[in-house]
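Presented sequentially are two complexes of chain A, the first with chain B as partner and the second with chain C.
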Partner chain A sequence: MSSSAITVVIISFTLGTLLALLTIPILVWMERRVASLIQDRIGPNRTNIFGFRLGGIVQSFADVVKLLLKEEYYPAHITTGRWLFMFAPIITFVAALLAFMAIPFADTLNINGEMLRVQPLPIDFGVFWYMAIGAVGVLGVIFGGWMSHNKYALLGAARAGSMVISYELPLGLSILSFIITYNTVDFNVMVHFQTGTALGFLPAWGIFIQPLASIILIIALFAETNRNPFTVAEGESEIVAGYMTEHTAMKFAMYFMGEYVAMNTASAVIITMVFGGYQLPYFATEDLLTHFSTFAVIIMIVLPLFIYGFIKWMQKNNRVKETLSSDGGRAFETRFFTIAFIVMGVVLEFILLYLAFISQSDLERSIYIAVVQVAIFVMKLMLFNLFFIIIRWTLPRFRYDQVQTLGWKYLLPLSLVNIFITAIVVVGASL
Partner chain B sequence: MSQNIKVTKRPTYTLKHALYLPAIAAGVKVTFKHFFKNISDINAVATLRYPEEQPTDITQRYRGLHRLTHRQDGSVACVACFMCATACPSNCIFIEAEERDDGVDEKRPKSFFLDTLECVFCGYCVEACPCDAIRMDTGIFSLTGNKREDFVMDKEQLLSHKGVFSEELSRARF
Partner chain C sequence: MLDFNTLETIVFSILTLFMVGGSLVMITSKQTIFSAFGFLLAMIALGGMFALLNNRFLSIAQIMVSVGAIVILSMLTILTVNAKEENMPEEKNKFILISISAIIVSPFTFLLYKALTTLPEHFTKMQTINSKVIGSLLFSEWVLPFEILSILLMSAMLGAIIIAKDKLKGENS
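Presenting the complex of A and B:
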């Protein structure tokens, strides 16, 4: 292995870990702020470090500190299997984290003839990895509920178990129709497949090529992540907190954070399989490389507009009403970030100028395109996470038998029919 | 007989309802509208920014923290009749009476303790008082302290509270 290969592996692994772990506080914050904005409230905006409140993200770190410093309490009635009781949240968390590691964040880098994957785990069977590891996550829920020796927790675990058998089949079958369409189990090749156009004008995204399978996949992944409208395992109106009733402090936090990592992973999988992954619609990586100057000039025009819009929005919203005497340091924060964003924009403009007109190095350009693709991936990821959150604050919860009806009576036959049609079309096209 | 029966036409269960996805889209449209409206102007949200922004909608009838009223000469209007303590459903008023030798009245409270941790702010003491000596018109809705004893109001504290809506003096004892 050359030094560039080692660098790329280390960078993509760091990127994957950061994307999975650092998004937890951001997602918790997003969930709280989006929920409050949807309900015409404000949400957490007070906690700050030296006056920097970042719109309230600091609150999430304060929450983590609080959960870490809480008393570790073990229910005295749990006599057998205490290690499994402790281990269960870790299973959920680690499974979600590992499943995220098979997602490609950018196209394969070509460094001096070496093809290097920008993927934390550089494997070419990512779909199988996701299906294998992703399904383990629910074991943590079932073990945790079962080992709690508590009727609510046991009911929650039973519900999780019944749900897993009703959504795993449609999930696997819808993924199977994607595998048939894309003719691969490699996430990166799947993204490549989605770069062209379908029917002449639509981007060849999975949602346009396989609409039914895409919808089934999205529904099944909502169920897999235990998010609304499928939060049957922890319905607080019937079974308190469900499987995590007896879990306190950091054990609870593991379940809680695991839910957000799972949501992030599900978003990443949906984006990669259905919404074109890290690619811009219509443009393949080769197109961007051959027309690099045009691409760079477009970004150079769009970037300042984007920064200008963001600064305007920040100046309008990161302040208090005029009637209040003190703004708690928001004016200073706004000024600091205005300058920071302008400096960042200027630096990026100069880098783009250099790459577009002075440097002719393909290596630098392809690295730059990889960075842009990571940015597009993160943007799509956050948009889909926002969709997850908005759905949670829009829909009521399905009843536990309704989930099973949906899974067995509707999604399973639909996905079987879809596989049948897909197979006929694919075989017919190959004749 | 049949003309009295009103037949309500039930909504027909169409494919659109069975699909469930159009309903989700309609719901997301509503929530997203709220989200977008509020994210583009956070200061338009009606929430009170509490410690900096104080409520302005406290009315005359609002039952705030108690106070003891004064007479014209500045002495306490209370005659220590124990009516309020008797009416109190949570038994949070503790009065000790003493004889009043300045010729203004016969009795006055030697001590008057009101435990606000026990108080349910029902206003029965105000209703029961024959001398208009105890009132809840201070407009104070928030009381903080570091220990339990801070919440037990004594006579001096209760006399020091100011009414914000009506005159300071008792209207029954002059």
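Presenting the complex of A and C:
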């Protein structure tokens, strides 16, 4: 292995870990702010470190500190197997984290003839990896609920188990129809398949090529992440907190964070399989490389506009009523971030100027494109996470028997029919 | 500095430890949940064994099928039955019986050992997973075992339904 290969592996692994773990506080913040927006209130925005609130994100870090310092409480009736009671949340968390590691964040880099994947785990069977590891997560839920020796927890675990068998089949079958269409189990090749156009004007994304399978996939992944409208295992209006009724402090936090990591992973899988992954719609990586100067100039025009808009938005929103005597350092925070964003914009403009007109190195350009693709990926990821969150705060929960009916009676036959049609079309097209 | 062979031996030993330990826990533990956990450990370690033999497809399929389907289904069954520790039959000489039966089947174990040690040379190496190759192999060379397996599964399912139906009838009358 050359040094560039090792560098790329380390960078993509770090990127994957950061994307999975550092998005947790942001997602928790997003969830609370979107919930507040929908329920017509403000949400957390007071916690700060030296006046920096970041719009309330600091609150999530404060919550983590609180959970870390809380008393470790064990129910007295758990006599044997306390280690399994503690270990169960870790299974859920680690499974969600590991499943995220097979997602490609950018196109394969060509460094001096070496093809290097920008993927934390450089494997070419990412779909199988996700299906195998993603299914382990629910075991943590079942073990935790069972070890609690509590009626609510046991009910939650039983519901989780019954839900798994009702959504796993449609999930696997819809993924199977994607595998037939794309003819691969490699996430990166799947993204490559989705470049270009379908029907002349639409981007060739999975949702336009396989609409039915895409919808089934999205519904099944909503169920897999245990989020609304599929929170039957928690069901806080029926069975207290379901499987995590007896879990406190960091053990609860593991379940809680595992849910957000699973949501992030599900969004990443949906984006990669259905919404074109890290690619810009219509443009393949090769197009961007051949027309690099045009692409760079467009970004150079769009970037200042975007930064200007963001700064204006921040200045408008990050302040208090004029009747209040102290603003708690908000003016300082706004000033600081205004300067920081302007400096960042200027630096980026100079880098782009250098790449577009002075440097002719293909390597630098392809690295720049990879960075842009990571940015696009993160943007799509956050948009889809927002979709997850909006769904949670707008839809009521399914009853557990309704989930099973949905899985067995509607999604399973639909996905079987879809596989049948897909196979006919694919075989017919290859004749 | 560790060379590759030592590393392989170390990983193999750890996996074996998990496998044997998990299987023993599965058989001997009184609470069904620990049996399920032991089963889970043994299955994941088995997946690791396949990975050590350089067969990615089998190792991933092992985790997908055994952990993702079989363990979860068996756990769901145990949950529905709600087997409590006090309802279990008392097995006083459990460990003595296990060791005696282990001694009795030891010739068979030796045979199994001999068969398994010659296996790695015939093991298919599959570095990448090509869905087309697997599909065409499954429907050409391995079509008979595939169909026999599906008949077996079908009969098992039918048996389960018939057993459940008889019980329901008995309860109604």
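Simple rule for what comes next: the second predicted complex is superposed on the first by the 431 of 431 C-alpha atoms of A that agree within 3 Å, B and C clash if a C-alpha of one lies under 4 Å from a C-alpha of the other, contacts with A are read in each partner's own complex, and residues count from 1 in each chain.
Throughout what follows, a residue touches a chain if its C-beta (ideal position, glycine included) is under 8 Å from a C-beta of that chain, and two chains touch if they have at least 3 such contacts.
All values reported here derive from a predicted model rather than from experimental measurement.
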Combined model on chain A: chain C and chain B, fit or clash: fit
First (chain B), second (chain C), both or neither touched by A:A102: neither
First (chain B), second (chain C), both or neither touched by A:V141: neither
Which superposed partner A:I133 touches (first chain B, second chain C, both, neither): second
First (chain B), second (chain C), both or neither touched by A:V232: neither
First, second, both or neither for A:T394, with chain B first and chain C second: first
Partner chain(s) touched by A:I38 [first = chain B, second = chain C, both, neither]: first
Comparison of chain B and chain C by chain A residues contacted: C
First (chain B), second (chain C), both or neither touched by A:L27: neither
Partner chain(s) touched by A:I215 [first = chain B, second = chain C, both, neither]: first
Closest Cα approach, chain C to chain B, once both complexes are overlaid on chain A (Å): 29
On chain A, positions contacted by chain B and by chain C: none
In the complex, chain A residues that touch chain C: 80-81, 84, 123-125, 128-129, 131-133, 135-136, 138-139, 142-143, 146-147, 154, 157-158, 161-162, 164-165, 168, 179, 183-185
Parts of chain B lying in touch with chain A, wherever the complex brings them together: 21, 24, 27-28, 30-32, 34-35, 38-43, 45-47, 49, 52-53
Touching residues on chain C, where the partner in the complex is chain A: 31, 33-34, 36-37, 40, 56-57, 60-61, 63-64, 67-69, 71-73, 75-76, 79-80, 82, 128-129, 131-132
In the complex, chain A residues that touch chain B: 34, 37-42, 215, 313, 316-317, 319-321, 323-326, 390-391, 393-395
